[in-house]
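See the structures that follow.
Consider the two complexes below, in which chain A is the common component and chain B and chain C are the respective partners.
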Partner chain A sequence: MMRRLTVPYVLFSIWVVVLCMLPFVESSYFVHLATNIALFTILAQSWNFIGGFSGYPSFSTAAFFGLGAYAGAITQNMGLPMELAWIFATVLVSALAALFGFILLRLRGHYFAIGSIAIVEVLRLAIASATDLTGGGNGMNVRFLPGGPEYVGMVFLYTMVGLMVLVFALTVWVDKSRFGFGLRCIRQNEDAANMVGINTNLYKIFAYVLSASFCGTVGAIYASWTGYIDPTDSFEILLTLKVPVMAMLGGAGTVIGPVLGAAAFSLLEEIFWANFLEYNRAILGVVIVILIFFLPRGLLNLDYHTLHRRLRHNAGRNPREPSE
Partner chain B sequence: MTNQPILKVTSVARNFGGIVAVRDVSFELAAGEIVGLIGPNGAGKTTLINLITGVYPANSGSIVFDGADVTGQKPFQAARRGIARTFQIVQPFPEMTVLQNVTAGALFARQSGSITDAVEESREHLKFVGLADLAETPAASLTLPNRKRLELAKSLAMRPRLLLLDEVNAGLNPTEISGALDLIRDISARGITIVIIEHLMKVVFSLSHRILVLHHGELISGGLPNEVAKDERVVEAYLGSKFAERQRSLSNNG
Partner chain C sequence: MELQILANGIVLGALYACIAVGFSLVWGVLNVINMLHGSFIILGGYITFFAWARLGIHPIAMIPVAGMILYGLGYMVQRGVINKVVTQPVLITLTLTFGLDMILYNFMNVVFTATPQRVTLELGSFDIGGIFMPWDRIVSMLLAFALTGLLYWVMRTSRVGRAIVAVRMDRDAAALMGIRVDQIYAITFGIGAFMAGAAGAVFAVVFPVTTNLSGLYIGKAFVVCVIGGLGSVPGALVGGIVLGVIESFAGHWLGPQHAITVGFVLMLILLITRPSGLLGKKGYE
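Let's turn to the complex of A and B:
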């Protein structure tokens, strides 16, 4: 298992280089697209900590993304330098995620999923009603970065890609660490995990915070990038659904899966937007259904090894049969 | 018993809604003992194990393990203190390999230690229970006797001082049972205190140094196996008159 990990590293490195080269070879459309892909990759990688490694189907991505966007925008408008505003947003979101996680992670399965999605709505309403601070439904403007669109485009692309590399490195660490091992145990059998000595609540909260904090950073960067945010856009339910689909498309609980899934999904979405403007959501829905039906464990797990095992499994469903 | 008991349970009780599962149970375990915990279905045996390992908190009473009050502990704390258990219905991490399952026990029951060390140690435990050849197999594809062995290996990897075995022999055939019995004796020889819940009388009586009998959540008898077998309350509650008669005729003939 450890040996095979070198392939993801190589793939990821190539992917990072491709994204970074885009400003030099292609139009600003591609720079925008690349930044978007990096953004979704970070979100999918983040979701992977709680949804993939720990197996808790969290739908709170948009909650932390939106909260980060507002925390960044508000502090930036109050005069905080952009980078500090991003860090502030990250810290604030992490702290709130710890609090929400402490309450929510007592729930399991569907109940947790519903609870996690409720956070999105609660925060959206709270932000929309705090008119004095957030501008309410009118949204709020954030100062644009000076230097012309091309320069700004590059700054945000490299920031996003840099963060993507950071979260990837973190994923690699989690994958190999005692912490990641514990999360996998929790995913497969939480009671048994507790019984072998894993402080399951602490592990889950930590995974949840880890999955939230970078959503906060990305939200804040997004606010600075687009220059305008509003509650509907920042706390978009579609975002909260898309991100887990991306991670699962690639392979939840794996290192490279979310990267692969986010890239594949974003490119598909782009193609459908461009060619089928009216039906793109419908087509996307069909694609999701097909993917879930035929690739329940993601693109990554569709390799010869599993296919072979599945065929053997189907051929002889005899539990007493010794299987080496 | 002059030594300090490894486990001291005092007046422990637990009810679920209106049903009293365990009522005012007190007993002590000496280090190194094998104690059989028997009783009819629903007597509260598994609940008692769950109270000791912290799955449920006790409604009243106290549990002292190795001199420390552990009454309100969580399961992971019990594991770290050196209390391991197996489940009546085996609880593997299904997608992990057999080796990884055992590694989980070796890794998390202690606060520190690297994964590599834990893996190495786990191989030893797998060898001990006879699963070394299946180390790389996914746990979900094991046969029932092997899953029970895996449970044992996982518990042993936790380096427990007290091991609670909840029906490790259920569902095994006679050959497999005798293999399991040898294993349990070997574990006991390592100095680990063992509590064994078991429905098969032959197994408990041949294995245990001492027997505790639960009935309707109460401890109704306790003592040496042959004493317990003759105890009228136990006969009435559990063993049935046929078994008691056979015991009597055996002892008369002998």
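Let's turn to the complex of A and C:
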């Protein structure tokens, strides 16, 4: 029993060390890739709070990511130091998420899903039309961090990985706490959860805010990292779908699932991108179909024993097949 | 001036109703949000455009053809893929249709390229009492009304239509009455796709055909469904016209860049205050 519980932590620690070691052994391409993986891991872990633990079909990741990117970029261009701009973005996004959560979480099922997608569109349109502040469709530049590309690359990698560890710790806490238990009750039967004395509204709003705030931070860091943002890129509809898919690929509602899913998906995408750049949407689509039909509970919850037996069984049967 | 804006709004609204009616049917009956709907419309548009540009077939003649091709595609997608998960939670069905949409979208982008195409009919325009209106818009509005009316008629009078309504009301009871529910699901999805393909053919006359618009169309379908309520043809019609008129006036008063935002904000407000729509019945989710 003890061994089972510690395996995820050991795996996660090894993964963190691998990501952190990359600048010393590999080229800047891998540093970029590792930063990207950490970025998506944070987003998938964040989505897990609302989508995994409480089972609400939220598709508003891109809304909070984009908002965070713009909040960070604008305050940074106004002269705020980079780190303070990131914190400001986090606080602003959390506050707005609380407001949106208060409104949206009264809805359930399809209506909640639609509402959460609508938030992405509303914020994108609002940002795109506030030309004075955001540069509208032309996007806006954020000044680069001085110190040369290698140093800057390492700064952002370690920031992202640090945040990833923080969100992981938070996930572990939620998983073990009364709060997480309450969220699981909401996923199974919200009315019953309400009946036995869980303040479902408060719990859901808190989970929603948790799922939004780090998207805001990551958005702000992303803006400083790339140095340029525009509305279509920051509020990309692809992002809002990709992140839940990553979490589900690993195993929604588990501690290590989103980490696994984000890593697997990012690596898969990287391999395919090198060869089929123009098929990037179709790849996501195919991953979704495979996920839903063959891995309905994620990589983590695969029944490896049955799979192994079945594969061996097939392997044993194959040589006989031609004679049949 | 106000009359002109109102007229523009009604024309736009008829087209919106035509977008939403199939989407609303699928949502109402299958309880599935069909994210493919926007791309289905675009695919109908491409079929119409290429038939017109390469073979010289008139777009109006292509409406039933595009519709039937999409019906076949929709029927197969539902039968082969979506039916297997149709009773699962929203997260699963929505993610699946979203993923299928990504595949279709990508396929169209690669095959047809993203360059906007357009059917130009040069029908001229007319002017009554200070209202200026191009003929192609009028024709497309009438066709949109005709298609919506056709669906209403099919749902009211045909055996299949009655079976769809029965499944919508109570799936288990319908199954007990001898209705084959999974077949009805596939037909319903096919009809939804038919309406999308036909709408795409109508739109090819007035809007550019490009994959970039698929997100916009699906957004309109959301808003119209929330305004008009789910699964009913008159609801989609009213919702479409209300949205068209509101957007038209909002575009005039606040500037065209805010017209879409107004639609979405209206939807969010309605979602909170009247989750079953203006004409919707309570208790149906």
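As a working rule, the second predicted complex is superposed on the first by the 293 of 324 C-alpha atoms of A that agree within 3 Å, B and C clash if a C-alpha of one lies under 4 Å from a C-alpha of the other, contacts with A are read in each partner's own complex, and residues count from 1 in each chain.
One rule holds in what follows: contacts are C-beta pairs under 8 Å (C-beta built on N, C-alpha and C of every residue); 3 or more make two chains touch, one makes a residue touch a chain.
Bear in mind the structure is a predicted one, so any value in this text is a computation, not a measurement.
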| item | value |
| --- | --- |
| Touched partner set for A:V122, first chain B, second chain C, both or neither | second |
| Partner chain(s) touched by A:T232 [first = chain B, second = chain C, both, neither] | neither |
| Contacts of A:S28 with chain B and chain C, given as first, second, both or neither | neither |
| Chain B versus chain C as contact partner of A:R184, first or second or both or neither | first |
| Partner chain(s) touched by A:S13 [first = chain B, second = chain C, both, neither] | neither |
| Partner chain(s) touched by A:G197 [first = chain B, second = chain C, both, neither] | first |
| Touch count on chain A, higher of chain B and chain C | C |
| Partner chain in contact with A:V286 - chain B first, chain C second, else both or neither | second |
| Shared chain A contacts, counted only where both chain B and chain C touch the same residue | none |
| Contact footprint of chain A on chain B as seen in their complex | 53, 55, 74-76, 78-80, 84-85, 87, 91-96, 103-105, 107-110, 115, 133-134, 137, 141, 143, 154, 158 |
| Residues of chain C that touch chain A when the two form their complex | 27, 31, 33, 81, 84-85, 89-92, 94-96, 98-103, 105-107, 109-110, 215, 219, 222, 226, 257-258, 260-261, 264-265, 267-268, 271-272, 275, 285 |
| Interface residues, chain A side, partner chain B - complex | 176, 178, 181-182, 184-185, 188-189, 191-200, 319-320, 322-324 |
| For the chain A and chain C complex, residues of the former touching the latter | 51, 55, 57, 59, 103-104, 106-115, 117-119, 121-122, 125-126, 128-129, 237-238, 241, 244-245, 248, 278-282, 284-289, 292-293, 296 |
